[in-house]
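What follows is a group of structures, each given as structure tokens.
In the two assemblies presented below, chain A is common to both, partnered first by chain B and then by chain C.
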Partner chain A sequence: MIHVENAHKRYRLRKVLDGVSFTAQKGQITCLIGMNGAGKSTLLKAIMGLTPLSKGSIRVDGVQSSRELYEKVSFIPDHTAMPGGYRLEEGLRFMADYYHSWNEARAAELMTFFNLNEGDRVGNLSKGMAAKFGLVLGLAADTEFVLMDEPFSGIDLFSRELIGEVFSSRLIEDRGVLITTHEIDEIEHLLDRAVLLKDGKVARDIDCEQVRDEEGKSVLDVMREVYRT
Partner chain B sequence: MDNHGGWMETAFNTRDPVYLQVVRLFKERIVTGRLTAGEAIPSRREIAALLKMNPNTAQRAYKEMEEQGLIVTEGNSPSRITRDEDVLRHIRSELLGEAVRTFIGSIRNMQVPLQEVIDLVKQEYEVDAKGAPSAGGGGA
Partner chain C sequence: MSHYFKLLALEVRRFRFVLAGMMLYTMIIEVLALAQQINSYKHRFGLTNGVTDEGSVPPSLSFANLIINTQRGFALAIVIPMAVLLAYVLLIWYRDWLGRHPFIYRQLMVPGGRTPLYFAKLTAFLLFVFGMLAWQLLLVAALQLEYAWLSPEWMKAPSVFTDAMYASRVFQLILPLDFTEFLINYGFGILLVLLAFAGILFERSYRIRGLLIGILYLVLNVVLFIYSTHAFDGFLYPDEQLAVCLTIFGLEVAAALWISLKLINRKVSA
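Showing the complex of A and B:
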């Protein structure tokens, strides 16, 4: 379980996170929802130990961030961190060298699934293909948690569907998934939980099926309530 | 065998619980004969992939169907549609009753005499029966 407790973060005078607490469970897909600038990416980076919090704590399976975290949690940023001159196969080799948890067979499977060409250069990928390559890099490792920052943003519908397909497949298996998004679109029925951020706080933290069951509302309905007031 | 048993064409609405929509889908398939008594159904994992939905939701839908006696799972063998005639009859009358109530609800405000409605239903039903191919088991 990823446990974020009372997270505070300031950029100069602006309070981005003002006491955010939530959990992301293994075997579930949790979605952090918020408008642009709501601190979603900051939270993912904070979980990975890439940015310090002003206050608060983050624990992954009870442990505060450590080096072992990188073998346990993979992070797919919203833009690839690979040098543009790399061929995709070089990118894969780079990952294999750095991560013990790298699973070569799964990487190959993902490359085929997304129809990516190993000889292409990272810098020449379209936005949709770059997003897919990001998913290959993030999902190929045998990690217990996967964090994805805006995996659907700016890519075409067909790629979205393909990426949605990954969420329901055994490529995710029993891992815990935490994704961020500012639009819910066609992924809403894939989510277990949604955490809605507003003004640096958690405005609502919902079990998606429960909200449909008890309130007859979609996640989008709940978003309207939160963000239109 | 038709293409993935036609599961792929399913679209969910966002306001009803997805697991209940899946249960409904199975009921419709049973009533229309696309799934028959005792037939083996896809595993939870397979159905999640086919319907592109969360595996936890598939799990929940199957649990609900087991509780309703719709499907039976024995040991490690695949889940099967029940052979219990009572359950199957009940599903049929449930879906039929629901459709008729929806229909009545949509014409209630028009204040039509019942006989006129019955005549119209009869007429449309016969036209539809002529136009449609004869009813049968599987798909295309």
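Showing the complex of A and C:
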């Protein structure tokens, strides 16, 4: 379980996170929702130790900042995070070189699934192709959790559908997924939990199934309630 | 440890074309400058059949003296790679934050901690510096062959390798023949690199505030070190003065390493 507790973060004078607490369970898809600048990406980066919190703590399976974190949690940022001059095969080799959890067979399977060419250079990929390659890098490792930062942002309809398929596939099964997005249409029906951020705080933390059954509302309806008031 | 070597290999691979380009540039400039100097000396006296119009043989010119006459060419060949290496102190870090696909995310997420990343960048930079130095030494040996090949017999005069190294002011700077001076120059250079790395990591951790802290930190350390080399003139024996300098040097190196490792492991932001 990923447990974020009382997370605070300031950028200069602006409070981006103001006491955010939530959990993301293994085997569930948890979505962090918020307007631009709500601190969604900052939270993911903080979980991965890519930006320090001003206050608060983050624990993964009860452990705070361990060296094994990156073997346990993979992060798919909103860019490929590989040098532009690299060929995709070099990117895959980089991952294989450093991660014990790297699964080459799965990487090959994903490359085929997304129709990516190993000889292409990262810098020449379109936004959609780069997002798919990011998913290959993040999903090919045998990690327990996957964090995804805006995987649908700026991507064409067919690529979005293809990426959406990943969420209902065995690639995600049994893992804990924490995803940030504004565009929840593609995956709304797959979400287990949604954490809605507003003004640096958690405005709502919902069990999607429960809200659907008991209140007859979709995540989008809850978003309207939170962000239109 | 294996991650350190992999990261080091990665850094070397990423700089290999620039390094090869600098080596080629240095070689071309020095070879051309020497050839031009030899040619100009050969034709200075308007020789016919190896003698001047007055029938005398012109004075010879040793390899070392030829280098003395080629100061500007050698300076041009060395100063530009030096400037590139100087810029690379910054680029070796900032390059990874730049571009459409910042690579720093991956580098900071390499399992096993970030200490190997810091030392891989540091070692790679020092390898480039000492690699260029070794290349320059090889070039001087090659230039001696060029001198022997292009110079007419009347022009040749013996000179030893060390004379050639003493002949150029730039050579004296990059490769002092006195070992103590070598240690001082390169020790101070390495200290500057460590301080610059710490300054960069301050900036990457605290951005504008960090930039000011980094600059202040760098300036204070340099001033303190330089001050320590002269502060006790007339008060301490030379050995005692050296001990003071070495202590300050050791403390500054240890502090720069400690601060840098703390920042990269705890504070730096992607």
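Just so we're on the same page, the second predicted complex is superposed on the first by the 229 of 229 C-alpha atoms of A that agree within 3 Å, B and C clash if a C-alpha of one lies under 4 Å from a C-alpha of the other, contacts with A are read in each partner's own complex, and residues count from 1 in each chain.
In this text, a contact is a pair of C-beta atoms (placed from the backbone, for glycine too) under 8 Å apart; a residue touches a chain by one contact, two chains touch by 3 or more.
Quantities reported herein were computed from a predicted structural model and do not represent experimental measurements.
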item: Touching partner for A:165 - first (chain B), second (chain C), both, neither; value: first
item: First, second, both or neither for A:212, with chain B first and chain C second; value: first
item: Touching partner for A:26 - first (chain B), second (chain C), both, neither; value: neither
item: Partner chain in contact with A:82 - chain B first, chain C second, else both or neither; value: second
item: Touched partner set for A:130, first chain B, second chain C, both or neither; value: second
item: Touched partner set for A:68, first chain B, second chain C, both or neither; value: second
item: Partner chain(s) touched by A:50 [first = chain B, second = chain C, both, neither]; value: second
item: Contact residues common to both interfaces of chain A (with chain B and with chain C); value: none
item: Residue numbers on chain A that touch chain C, as the complex places them; value: 45, 48-52, 67-71, 75, 77, 79-84, 94, 97-100, 122-123, 130
item: Complex contact set, residues of chain B against chain A; value: 12, 14-20, 45, 48-49, 51-57, 60
item: Touch list for chain C against partner chain A, complex; value: 3, 6, 10, 14, 99-106, 108-113, 266-267, 269-270
item: Contacting residues of chain A [partner chain B, same complex]; value: 27-29, 161, 164-165, 167-170, 188-192, 209, 212-213, 216-221
